[in-house]
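Have a look at this one.
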Amino acid sequence: MDYELIVIGGGPAGLAAAYAAWAKGLRRVLILERDRELGGILNQCIHNGFGLHRFKEELTGPEYAGRYIEMLKATGVEAKTDTMVLRITQDKCVSFLNPVDGYRTVRAEAVILAMGCRERTRGAISIPGARCSGIFTAGTAQRFLNIEGYLVGKRVVILGSGDIGLIMARRMTLEGAKVLACVELMPYSGGLNRNIVQCLRDYDIPLYLSHTVTDIVGKQRLERITISAVDADRRPIPGTELSFDCDTLLLSVGLVPENELSRQMDVEMDRRTNGPVVYENMETGVEGVFACGNVVHVHDLVDFVSEESSRAGEAAARYILEGETAKEPLLTVENGSAVSYTVPQRIRPAGVDKNVKLFFRVNRVFGKAVIRVRSGETQIACFKREHMAPGEMESVILPKALLPQGGVLTVSAEEVEA
Amino acid sequence: MKELICIVCPRGCHLRVDEEKDYLVTGNSCPRGAEYGKNELLHPVRVLTSTVRLEGAAVRRCPVKTRQPIARELMLRAAKALDAVTVTAPVRCGDVVLSDLLGTGIDVVATKDFPKTER
Amino acid sequence: MDDVIIIGCGVVGAACAYALSRYELNVTVLEAGSDIAAGTTKANSAIIHAGYDPVPGTDMAKMNLEGSAMAEDICRRLDVPYERVGSLVLAFDAADLQCLQTLLERGQMNGVEGLKLLSGEEARAMEPNVSGQVQGALWAPTAAIINPWEYCLAMAETAVKNGVRLHRNCRVTDIRREQDGFLLTTTGGEFTAKYLINAAGVYADAVHELIGEKEFTIRPSRGEYYLLDKCEGQRVRHVIFQCPGKEGKGVLVAPTVHGNLIVGPTAGPCVPEDVSNTAEGLRQVCERAVKSVPTIAFRENIRNFAGVRAASDVPDFIVRESRSVPGFFQAAGICSPGLSAAPAIAKRLTELLSRSGLELHEKARYDDSRRRLRFTRLTEGEKNELIAKDSRFGRVICRCETVTEGEIVACLHTPIPPCSVNGVKRRVGAGMGRCQGGFCGPRVQEIIARELHMDPVDVMLEEKGSYILTGETKGGGARGL
């Protein structure tokens, strides 16, 4: 065996997982990272707001990544950058490619999938119009701006109110661009409330809710876009068109977990998250293969990515040092009313230490609400919330004592009568 | 009474600030929220994050931030002031790249390490 | 003075250049765009048709059959992705079944081999995802899928390698008769030749009328498409057509040589070069395609595009000498099956040129071959051998399609190098995958700038004016990339 553990991806998830595995006693750990440096997307997220949970202080993306990179430097974890993993087999042979080693295959006792996610593109939402230059995903524009030092445009419209789009609205404004509008298909924002305040309102950038881009005009470079209001079924309403003369359209229309490797190795997937189905310890359906971070479900906060990934790293260490978790009994977790997914999807009560944390998202905006966790018809736990929105990931903690020995758990969100 | 969304942390608490009662804040989950609510009505502040030119490293821009929040109305001017700054690798996270930004007494610091690179 | 100038480097112009490059001739190709194959060749269904559609006796019928037969051989010699997967035309009702009968008879008259009528069950056995409503199908084993862009590039590159000159960014603005030939004024200078070939696609009528009388009118027709992720690439194994209607061959569903699924096109009049998509067009594609294959997952779409067919007001290809201008040869109105017919069109034009007095002497030395390095196709040993020689082959730039830096650098130093991000994409596939260049775009731009000694800001997405970056932050400065 070449390694005890191979971690696929050196972004926040991979870094936290590798560190935790080392801390739990593994000594032959390898991180494979496709970019030129560790840290993943944090390197281009130069804004602050990271780390309040994990480090109890407010850090920028590079600072947050830097903390983990420093922590790892003190360990013997090996990392290969500029390295693309091309194939993983169920018996944990990992084939990769880089300029130094060439094409190589190494084998490990356990693998952690931490490949992160990618941005949805224009194609994914089939925006009609011309295919001129000047249309970018927000993250690509962010990389150009923050890492390469180039501005992609001067008059900008942003489609989608995801956090990267909101952050870029402020960032481009500060670099001298004019951001004309942020346009959101849904009746609510997809990003964090704080970003609506400090990225749009601070700079008087209008937010058009329930609107979408219905035409793109431009011979070579983008010249004009048209937006329209949409009805309850999200169809454009004729007669509501509004045009903007602009040279740039940024798309912040969602993230997709990057699971091509997972699919290729036949890891069982969840259609709700587009990520692997995971157990309470972040193990996938393939024994000894774990997954964490945005490859499992798209997070809003890196702090929770680190937390989840630490659990994956610890679980991988336990798997290698102590053997596998008993497969029975097994609980499956399913959507109740107004919930769009849950992670983990499966719980083995035997594998739960003191409690299990369930992550989920609601599918609409809530004011005062309760979250109910039921085992069959019986409510086993209930949690109050002042406010919930699809753009904000929710979590509840279930003590081990409350877990039934099998069956189905449902998580639902319900309005509380005022 | 003013309603605000707290931006201190990603939780985004829905605050109510009562100007009549010496800016009493409710709806906050932590003391920092109370402070934010009051400040936001009296003299709002923000941390500025941006980049400066970088020489002698593998990339050409170094990310930076103001060590403390600055007055919100200074953000655009402060960002512009960073155009004049160039740093040379090696740079350490926390190194001051511009001191006393616009006379605020607040420093701008690097937020990432850059070893010196021969290219 | 050149012997022959070919106006336009789409698949027809490239095929002509390739055909003429065998002979001791001075040949120049003038392309208006900054890259070759920038029009109809770039955006179509990527099918080599079996040849049962065209009316027997027409040039379309003859050249489709002959061109399709030549294509397989050319693709093998010039290393162009080509797969003879066969096609099915589906019938959903009695009228459609009658149509299949007509197509079968036409096909047999045209000389298409292997045609066979299938029952609905037989069709579904062959292609399990087609609709349960299918009553019958026409099977044509000789239909193939191809990379049309690389087909054109391969022929053009081979021509250039054998002495043909290609000038890009040369839009012809004037043609004059000189004593023993033609004088062409272009946006890239003046050129003279004894003979001209007009392969200007959607502008063929305008080019002809620069000197000749109106003999035909191009009626551009736009077709819109979906291109789906590779996870949908196995949805069908053959090219799935519906019965042709007034608007052409209708919406097809087919695998591509890249492993994706292509769905389209629509058909509708447009102005030349209007390749924008419309909400209505895209809706029609979806609606019509699910009639054939109900389970297509359109949520896996990675790109929409549109192409413009260079159809004319003549119900056949126009491959002949101009009636009003001797020595000026036309390859106009080359709509579908033009891609299939291209080498046959070139062959016909070569014969016409010869008859008109152009002497054809085969070159003593002719290099009729081309190889493109496709890293993913190499064995593990070959990969490592290559990386040992040049470590850039070990660096993956395009994650989705696994394209290495070595391949990108290599394509920038080929006989017809790209000068734009999309030019690289078309040659090596970087940016063609599911993230559509979101990750690799900036790095491709950086490599182009480095290899071609350009400022990254000057690297375009496509044509002049399609800039990607507006400038540097922080007032510019620090070292260029």
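A few comments on the model shown:
Should a chain be cited, it is by its letter among A, B and C, assigned in written order, with residues numbered from 1 in that chain.
Definition applied: contacts are C-beta pairs under 8 Å (C-beta built on N, C-alpha and C of every residue); 3 or more make two chains touch, one makes a residue touch a chain.
Everything numeric in this text was worked out from a predicted model, so none of it was measured.
The most central chain, judged by C-alpha centres against the centre of all protein C-alpha atoms, is A. Centroid analysis (C-alpha atoms only) places C farthest from chain B. Taking each chain's centre as the mean of its C-alpha atoms, chain A lies 25 Å from chain B. Between chain A and chain C, the centres computed from C-alpha atoms are 39 Å apart. Between chain B and chain C, the centres computed from C-alpha atoms are 52 Å apart. Shared interface positions of chain C, defined as residues touching 2 or more other chains, are 473-474, 478, 481. Multi-chain contact residues of chain B (touching two or more other chains): 51, 53, 60-61. Contact with two or more other chains is made by residues 148-149, 175 of chain A. Contact residues on chain A toward chain B in their complex (touch as defined above): 36, 43, 46-49, 52, 58-63, 66, 146-149, 173-175, 192-194, 196-198, 202, 300-301, 386-387, 392. By the touch criterion stated above, chain B contacts chain C in their complex at residues 51-55, 60-61, 82-86, 119. The part of chain C that touches chain A in the complex is made up of residues 226-227, 231, 275-279, 281-282, 298-299, 301-305, 380, 383-384, 387-388, 391-396, 399-400, 402, 404, 434-439, 441-442, 446, 456-457, 460-474, 478, 481.
Of all residues in chain B, only 4-10, 12, 14, 27, 46-51, 53, 58-61, 63-65, 72, 75-76, 79, 93, 111-113 touch chain A in the complex they form.
Chain C contributes residues 473-475, 477-479, 481 to its touches with chain B in the complex.
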